[in-house]
Structure formats: C-alpha cells, structure tokens
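Order as written gives the chain letters A, B, C and D; numbering starts at 1 within each chain.
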Amino acid sequence: MKNYLNAETTIWSWLSTKDHKRIGVMFLVSVTLFLLVGGIFALILRLEHLTPGPTIVSPNMYNQLFTLHGVVMVWLFLIPAIPAGFGNFFLPIMLGAKDVAFPRLNLASLYIFWVGALVMIYGILDRAADTGWTFYPPYTSVTYTKATPVLLGVFILGWSTIITGVNFITTIHTLRAKGMRFMDMPLFAWALYGASIIQLIGTPVLGLILLMIVMDHGFDWGLFDPARGGDPLIFQHIFWFYSHPAVYIMILPPMGVVSEVVATMAHKNPLSYKAIAYSTFGIAFVGFLTWGHHMFTSGMSEFNAGIFGILSMSVAVFSAIKVFTWTGTLYKGSVWIRTPLVYVFSFLFLFIFGGMTGVAVAATSLDVHWHDTYFVVAHFHFIMVGASLTAFLAALHYWWPKITGRMYFEGWGVAGAILVLLGFVGTFFPLFLVGNGGMPRRYYHYSEQFQALNVLATAGSWVLALGLLLILVTLIWSLYAGEKAPPNPWHSRSYEWMTPSPPPKENFPETPHFVRGPYDYHLPLEPP
Amino acid sequence: MNEERSTLGTVLITYAALYLLVVANLVVALAGVSGIWALVVAMGIAGIQALVVALFSMELLRSRRSIGVVAVIAPLFVLLLVSLTVVDVYTRAPSPLEIPPIDRTVPSPPPSGITSTPSP
Amino acid sequence: MNVAVPKLQHHFEDIPKQAHAARLGMWLFLGSEALFFSGLFTFYAGYRAHHPEIFRLGVAHNDLVLGTVNTFILLTGSLLISLALWALRAGHRTLAVLLTACTALAGVVYLVVKGAEWGRHMSEGIFPGGRGDFFVENPEPAWAVFYTAYYGITGFHAIHVTVGVCILGWTAWWMHRERVGPAAAYKLAIVSLYWHFVDIVWLFLWPLFYLLRNPA
Amino acid sequence: MNDFLRRLLYLPEQASTIARDVDTLHYFVIGITMVGAAGVFAAALWWSIRYRARSFDARSITPRVQAGLAVEGGLLAFLVVLFIVFWVIGFGQYLRMRIPPRDAMVIYVTGKQWMWKFAYPEGKQTISTLVVPANRDVQLVMTSRDVIHSFYVPAFRVKQDVLPGRYYTMWFRATRPGTYRIFCAEYCGLSHSAMWGDVVALEADAYQRWLEGEPLENFVQLQPGPPMARVATDLGPDLPDYPPGIAEASPPRSMADWGREVAALKGCLACHTLDGQPHIGPTWRNLWYRETTLADGRVLIADEAYLTRSMMDPMLELVQGYAPVMPTYQGLLEPAEVGAILELIRTISEPLPTPARPPEPLVRPPLAPGSPDRVDPARALDFIRETSERVAP
C-alpha cells in the first residue's frame, strides 16, 4: 500500500523532499541525535560533581561542557523538537491540508538547521566557548576560547526557527479544511500557533544580540565595555527579551501535546476548549513582559524589579489554568492508562512543581537568595526536562503508530516512563536542596557539605540516562518486531487519526470535509 | 483580497505627503526645538510617515484582517523592549561615589598605599 | 504577447488564496525584521539615556546634508516601486521593469552616499570600537559607544538595503524574462513590501542620527 | 518551627536581620506549592482510577462535560490574588534589602578575577576576608576590576552582581558573631568556583582591636580556602598540581593562549595584569623589550633573559616601585610553559588599541594626605606578608 515512507525510497527523494511528513521525520531524527549529545555532556558534568575537588575534567573543560550542554540542549533539541518534528508532521494533517503553506521554505528550514548544527559542531570541536549559554559580556568579550562558531551556529539555527514560525502561522491562517473555524482546530495547532508567534517576535532579537556579541568578542568593538561607555545591562535586557519567551517556545508545544493526549486517553472533551486556547495566546504575549526577573540582582533599578515581578506573576496564572483544565478533563472520562498517559501524569506533577517554584522565584526577595544557585538550575530543569522532555516522549509514543505504522511495546514503554520519572526526580530534587543551601551554579568546586546531595543527584542522572536508553532501544526494536498499527489505535476523534497510518503522500485519500469537532467523544466513532 | 487597481492618484498623493513630512521634520529640527519635545516631535512625524507608508504603499487598507493584526503587534513589541530598557536606565539609584575621570595620557603610577618601597 | 500566469501550487485551491498566503508570509517576516531593528533601537536608546549630552554632540557632529539626501533617495525609491506595481497591474510591463530597475538604482545611490559619509568619518579618525585618533582628543568613553552604535546600526540597515537592491534587480530581470502579466503582480507587491519596510526603518533612523541635535 | 523547616529545606543559618523574614516567605510559598502539586496530582490519579476505561471498542462514548465560566473564573481570581500577595510581601522585603540605612558603616569591595579585595576607610586592606562588627549595619560599596562577579553570602540571604565601571551598594547586619562563607555567584571564568571568601563577624570591641592591627588568628580560626583557590590566587610556591589522569582541555592553538592559561593556573595573573593596570606586580602589557628601572636604579631592557631570570629569582632584579613579594617559580614551570608565558608577553607588547580598563574605580581611602592614620609605607609590608600567609599558610 503506497504511503509517504515507501512512495519513493532513494536517498535523493528524502533529501529533496517537499513532503512535510518526511521533513518532520528528518527533524525528529536529528533532534534525537542532539538530545544524546547534550545528554552525554550532562552525564560528564554530573560525574565531575561526585567530589568537591577536581574529579575527571579540568576546570576549563568543565566550563566548556556546561556551556555546550546548555547551547546544544536549548537550541538543538528543546526548541526544534516538538514544533519542527511533530508540528511539521501533524499540523497539515490536523488542518486537513495537503502540505504546509511554503513547502520549499520548509525544506530550506531543515537545511539551515543542519548548517547551523554543523557550524556548532565545528565550534564544539575547536575549543568551544566557556561563557555559559547566556554569553554575558564583559567575560564573553575577553575569553580566549573561540565563542564565535558557537554564536554563529545559534544565529543560523535562529533563522531555521523563524522560517518554521512563518510557515506554521501562514498554514493555520490559509490552509484549514473547508468549514473548519479557528474553534474547530485541534489544541495542538493552537499551541504551535502560540509558539510560532514567540519565535517570530523573539528570535530576531536573539539573532541581533548574537551578532553584537560576535562583534564584541571577535573584533573588540567594546559594545558593552564600560571603559568605552558601554553597559553590560543593556546586553542583558536585549538577551533576556528573547531568552525568557524562548522557554515558552519550549513549553507551549509540549502543552499542546498534553492537551491532545489527555483528551484522547480520557476519551472526553477537554474541560474547557476556550480556556486552553486563550491561555496559549496569553502565555505567548504576556511571556514577553517578564524578562526582567532574570536581572533582579544584576543591578537593574528597584522600580524595574517591581514591574517585572508583578508581570511575571501574570504568566503563571495562564499556566495554572491549563493544568486545572487538563486535570478536569479526566473527570467523568473513560481513562486508558497507557504509556503516553503515564508521561502526562509525570508531566502534571513535575510541571506544577517547576512552575510554582518559578512563581516563588518571581517573588523578588526570594530570588535574591536563589539567583544563580542550583535552586534555579533545578527549577528550569523541572520545566525543561520534567515537562518538555516528558511531553516529547509522550508525543513519541502517542504518535508512533501514525508515523511508523507499528505499535510500540506497551510493557517496555511504561517501564521506560517510570525509570525516566524516578531518575529525573532523583537527579533534580537534591539540587533544589543544594541550591537552598547556597551552592552557586556553574561551580567546578563546591564546599564539602554539599557532597552527599551531589552524589545522590549523580546517581539519579544514571537512572535517567538508563531510562532514556531503554526507550531508544525498545522504540527502534518496535520498528521491526512491533505489530502492525491500525489507523486509529486509541479510538481518538482527532483529525490526524482519520487517515491510514502511515498516511499516504497527500495525507487524505480525498480532500477531507470534517463534520464533527476533534473532541466530540459524546458521539460514537463511525469507521473512517 | 480584491486586486482592483490602486489608482495612480493615490500613489502620488501618498508620496507628496511623505515628502512634506520629511521637510517638516527637517524644519522642526533646524528651528531649534530641543529637549524632550525634539524627541517627541521627531518620532511623531516618523511614526506618521510609517503609518502612511504602511496603509497606502503597503496596501494594508486593502489587505485581510490577519495582516493588519501583524502590522499592529510588531511595533508594540518594539516599543515594549525600548521603553522598559530606557526606564531601567533612568530609574537606577545614583552612584554612591563619582567615578574618577578617565585620563588616558600616562599609565597611572602604582597605588601608593600598598607598594611603595620602604625608605632605605 | 503571452501573459505568464503564476504556477498554482498543488496545495492551494486558487491564486488569490495563494497570493494572500504569500503576502501574509512576507508581513510576518517583516514583523520579525522589525524586532531585529528593535534590538538596535534599544541599544541606541539605552546609551542615549546613559550619555545624553555626548550623544547630542555626536548627532550634531554628523553631516545633516548627506543624511537628508539619503532620506529623499530612499523615499524616491519607495515611490518608484509603488509606481512600478501600479504600472504592472495596469499591464504596462516594460514600464514596470524600467521602474523596478530605477528603484534598484536608487538603492545603489543610497549606498554610495552612505559610503561617502562613512569615508568622511574614517578620514576624521573615527573607527568602530573606539579606535582612531579622534578618540584621543575626546577621551570621554561615550564617544566610542556613540560611533560604534552609529556604524553598527547604519551598517545593519545598509546590509538590508543591499539585499533589497539585489532582490529588486532580480525581480526586474525575472519580469522581463517571464513576460509577466498583471495576474502575477502580487509577486512584485511582495518585493515592494520589503522595500517599503527598509524605507520605514530609515525614516526612524534619520531623526535619531541627524535631527536630535539641539542643546537642551 | 522555623528551625525545623529551615533544616528540612537545607537552608543555611539565618545570620542577618533580613534572613528570617525571607525564610518565612519561603516556607509560605513552598508550602502552597507542595499543597497545590499534591492536590492536582491526587485529583488526576483519583479521577483516572475512578473513571478508568472498562470497554475498549470504538463505539464507547463519554458525557460532554463543559466547565462553566464560574469554575474557571473562580480559579483564575484565586490564583491572581494569591500571586499578588506573594509579590507584595516579596517586593517589600526586596526594597528593605536594597536601600541601605542612613548610618551604615561603609566598606569598599573590589571583585577581581578570582578574588575579593576589601578596603576599610581607616586604610586597612584585606583579601578574601571581610571583618565586620556584629549587630551593626554594614554597607558595601562594590565594583569589579574586569568582568561581572556577584557578592553572595548565603547565610545573610543577600547577593549583588558587581559590574566593572560602576559602583553598587549592598547592606547587611550580622546578628551573631561567626564566620560566614562568601561565594561568587556570577560566572566569571576559569576559577569562578574558587572565588571564595569569609565574612568574619566579631564583637564590637574585638573588631576595634583587630582594626588596630591585632592579627585575625587571635579571634577566629579560618578554614582553608577551596583547594582550587590555592592554585589560582596562591602567592606561595608549593602549588598542588592536578591529580594524574585529568582530561586536560585540548591545548589552545596559539602559544600565547596557552601561556595565558598557564599564567592563570600558576597564579601569575593574581599579581600581574594583562591590560596595562598596575597591580601588586608590574603589568605585562607593553613590557616586551621596554626599558625598566630597577630598585637599585640600574636601567635595563626587559628581554627574554631578564624575564626568565626574574621568574626564577625575582629578588635579584626587582623593579622600582614594587614590593619584593614574588615567590620563585624555580622547578615549577617546565621550559615549554616558560616559553608560552614569554610568547604571551610578546603578543601583548603593543599598547591596547583602545583605552585601558577604567583605573580602579575602587576609591582610594578618602583620607587627607597628611592625616595621621593614613597607612604609612613601612607598615604596608606587614600587610603584604600577613595576607600572603593567610592565603597560603
């Protein structure tokens, strides 16, 4: 049976494809590769902290490793993972379209991503930057390590996300199936729309500040050098104007995945479709008002600290509404406990815990003690790993039958999910306590009293690594030994399950005309 | 998105207005308006010019609503970043000590308190 | 005279929908470019807030004549591309090709005038990064950051103008080769959107670097 | 209750007036977080079990439950009020933290790559040890000499980034005498993790005696600095090398970069600077083949021979105007490393194209030149010997 995988099987047909599904699969493979690269850096960092003194790497190597861990994980995994991977694959299908608005531009986005990744890898191999993923001047201007390739790599990757953003918004506006209003779209499309807004508004500002710091580092222009009239805080304002909404780029698509999985696995309409849709836009726009809470102790004026404190609180409200709506969706549903739902449970717990510690950090006086300590490291890992990575794994299992045509192994899936949850909590809960104790972040050396908790965290990181490896192996194994997947294994009413899995090249045998909403579980599912 | 012809007349009137606004901006500056008013007037005129170009030359008036939303939101975020940074610089506490002026003529002698050699 | 009709992409139903998608895509891209320049405006505004007096002196030191000439050149270029669009929609293809070429020429003239201005600054010993003997006479640190901001912001804008000139040149040649008719005018409209955006950015840069010169 | 919760959350001791209030807000916020997370998670688990799927065929349907506006609005209002309460308490404490009291005692602090230096108005200067009287408001006027550092004392719950070229103030009031560790919280390079120090709070009279010049050992026994600090800021010759098998970063391409790394690791940069700023030792900027006058008046060219000789036997040809404090590096530097350092000095031989970093914004102690308690040069040497002992006993 002809589908998008075996339509043509030459390498060139894959490399020059304009089919959004193949581009999505290629993004998924590259992004998973970089997850492993970033993960290896993380494991070395954790090994280094087994003892307070030098353990396995020199201080210089350690500084480069935590910088690269941050850069690879943020720009090569978290930001492109769900929008470019699953978004490319499922957005056109969910809207009933044949392809994204600009297919050639979509392929260009993939190639720009690869070019950016190559420039980054060159930077990694050739004495990478040791400045932290935030590249603060004046240290970045005077460091003798080569920061320029890493900076240019991120700049190029930024363009890849901008192009994806333009593509998604135009697709949602112009290519919806006949009769599909905005309120009939699946919630994953809303999440992608929100993330694309942030990408379009935020990423160019990142592009500019990276070019400025390249001028500063490479040609000594002294843009932020106080001896030449500069002020490092101007850099921090422009950098965090992008970098805080960037964390919402990383969390909005996972929220879209969780909305889909909860509605399908609970076989019930979301408690309030409008609440989730409007809070997605709320997070997208209000997210830009809150960047100042990264600079409470950096010498910014107290007046600004007050403004940013109260604005940061408003973002937390939107996330909290979403969490209550997901939990409410389970009420009176018919809940299947499957691997994707196990991930959603860990997502719920970890996201609330991470989110609320975020609110705690936004209460200005607490941030003075916590800023730049391991408490903040634990907070954002609870969101990035606890929420985003968990949702990525949930999406991987939830849409595995649709993408590959094979079912994954349920037993191994649940085992992997539990290992990841235990490993994650084991790694980062001790770091909350170490942060409370006052251990600053990016520390090669730490005082002896923090050693016990650090050893516990390192042990947790091994369990987390084991869990991820188990998932990788079992999923690849299911490609060959997995049973054939029916078109709609979860009996879902969402549109992407109305087409055979794996879907044909033009997504739907005939142009679809959807009569029922994506979440009408009060109506029986007649065969497609 | 109706593609009916944008008449030659509207194009010419638009650009006559724009040329006039440029001259107006120049005259105001040469007239010696200073201080906060100079900034307000200059940016005001530039804003009006941008609005005219966007509405008529970029045919925003005849485009669909979704394009109008984009054209409204982008400048708002430009304003957001610029204003909050400037507010931060203006509301910072005054420096507790004045910074000694930079004299680049000769490298300053070693600090006297610490290292002057003991008199033999 | 065969009037080339634009190729209908397989996933769009009709040309107007495809034209609207292209126009929306370009507006989204221009929105992101506006945010790119917002970083530069923040850079200027932040340092003008830090050193108001020296920034005012710096603006007074800039050559008002060359700046104003550049403003008129870009505005004329914007006029020419609008006329080209009107001509193409009215069916006069050769006139449209000519006007688009003239717009590209206006861009080049702008770059030449900007190059002359930079040359004059460099002859006075002003180089980005606070280098050059101009900064030995006026040692205040703010001079260095003013001229670095000047070179940086006008430099990035000049790059955008250069890209615009190349696109305009290619569009003129493409219209001539494809013997394009009014039906494909939306493609020229997209290019004109980009050129008008570059003109709007300069309309804001011009006062910041040339007009705000009067002592308080 | 406060102590139980503090110990449960692994918080350091509350040694400043603000610490206790910050911790109460901490318990309030973390408590609500725990309750919220547990409540939502329990609701999710309970509803999943209570409404678990009994039939798995495609035709099974579930009732359409749509949350009314009241439920959503109510939750929204509750959350908004709760978060505003957090902010009101938090911002109030933040202002109390940031605005120093009128009569606070001023001490000047300078952050320099990988050490803290303190200068008292009375003229006394110390490295890495800030001695303050307990139960008295102390205001720090801080600046940095090179990159951004951050003065962080966990026990006082205070932290303030320190930027070059600007002064920042921070204040605290130690409630109990004792020793509280200082960390650098803003990443500042190779030995950022070794930039430790100690705040030693003494009784009022003990502080006065210390100010008169009594050595610190009479009052308190300081734990040794971090093992790494000795490598980067150590003035002493016995530098611990890395344990074997440490995966050294790939040596930087150019000799000069490697020389800079060796100079950083062997502690040369603790006294010599690369940017033209005079420090404890002469600056290496613009030193190559330049005429230097020695202490005994002789004038010679600073060529490779002189530089290598002064590395191995610094006291032989001391430069005029600098204290004889440099330890000998005989047997500590391999020939390749000496060559790398010379290469570094050679590559920074032309003066900085741009003006040097602003001269130390740390204000000289504001004492009139003639005032009696100004530090007279003779006692300066004791101060040097005292600090070098403390850093490298």
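Note that a residue touches a chain if its C-beta (ideal position, glycine included) is under 8 Å from a C-beta of that chain, and two chains touch if they have at least 3 such contacts.
What you see is a predicted model; the values in this text were computed from it and never measured.
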> When you check each chain against chain C and chain D, which touch both of them?
Replying inline: A, B
>> Of the chain pairs A-C and A-B, which one is connected by the greater count of C-beta contacts?
In response: A-C
> So, what's the distance in Å between the C-alpha centres of chain B and chain A?
Replying inline: 34
> Centre to centre, by mean C-alpha position, how many angstrom separate chain B and chain C?
Replying inline: 16
> Between chain A and chain D, what's the gap in Å when you average each chain's C-alpha atoms?
Replying inline: 33
>> I need the residues of chain C touching at least two other chains; which ones are they?
In response: 20, 24, 28, 31-32, 35, 38-39, 42, 46, 50, 129-130, 139-141, 144
> Residues of chain A touching 2+ other chains?
Replying inline: 173, 201, 205, 220, 222, 226-228, 231, 233-234, 237-238, 241, 299, 302
> What are the residues of chain B that contact at least two other chains?
Replying inline: 66, 73-74, 77, 81, 85, 89-90, 93, 102, 104
> How about chain A: which of its residues touch chain D in the complex?
Replying inline: 52-54, 56-61, 63-64, 127, 130-132, 136, 138-139, 142-145, 220, 222, 225-228, 231-233, 266-269, 271-272, 275, 296-299, 302, 305-306, 309-310, 313-314, 316-317, 320-321, 323-328, 330-337, 341, 345, 348-349, 352-353, 356-357, 359-360, 362-366, 368-369, 371-373, 433-434, 436-447, 453, 488, 491, 520-525, 527
> In their shared complex, at which residues does chain D touch chain A?
Replying inline: 9-12, 18, 21-22, 25-26, 29-30, 32-33, 36-37, 40-41, 43-45, 47-48, 51-67, 71-72, 75-76, 79-80, 83-84, 86-87, 89-95, 97-99, 146-148, 150, 152, 154-155, 157-161, 163-166, 168, 181, 183-194, 226-228, 242-243, 246-250, 252-253, 257, 260-261, 353-358
> Which residues of chain D touch chain B in their complex?
Replying inline: 123, 125, 141, 165-167, 169, 276, 278, 280, 283, 295, 320-323, 355-356, 358-361, 363-365, 374-375, 377-378, 380-381, 383-384
>> Help me check something: in the complex, which residues belonging to chain B touch chain C?
In response: 1, 3, 5-8, 11, 14-15, 18-19, 22, 25-26, 28-29, 32-35, 38-39, 42-43, 45-46, 49-50, 53-54, 57-59, 63-64, 66-67, 70-71, 73-75, 77-78, 81-82, 85-86, 89-90, 102-104
>> Give the list of chain A residues in touch with chain B in this complex.
In response: 173, 201, 205, 227, 231, 233-234, 237-238, 241, 288-289, 292, 299-304, 307
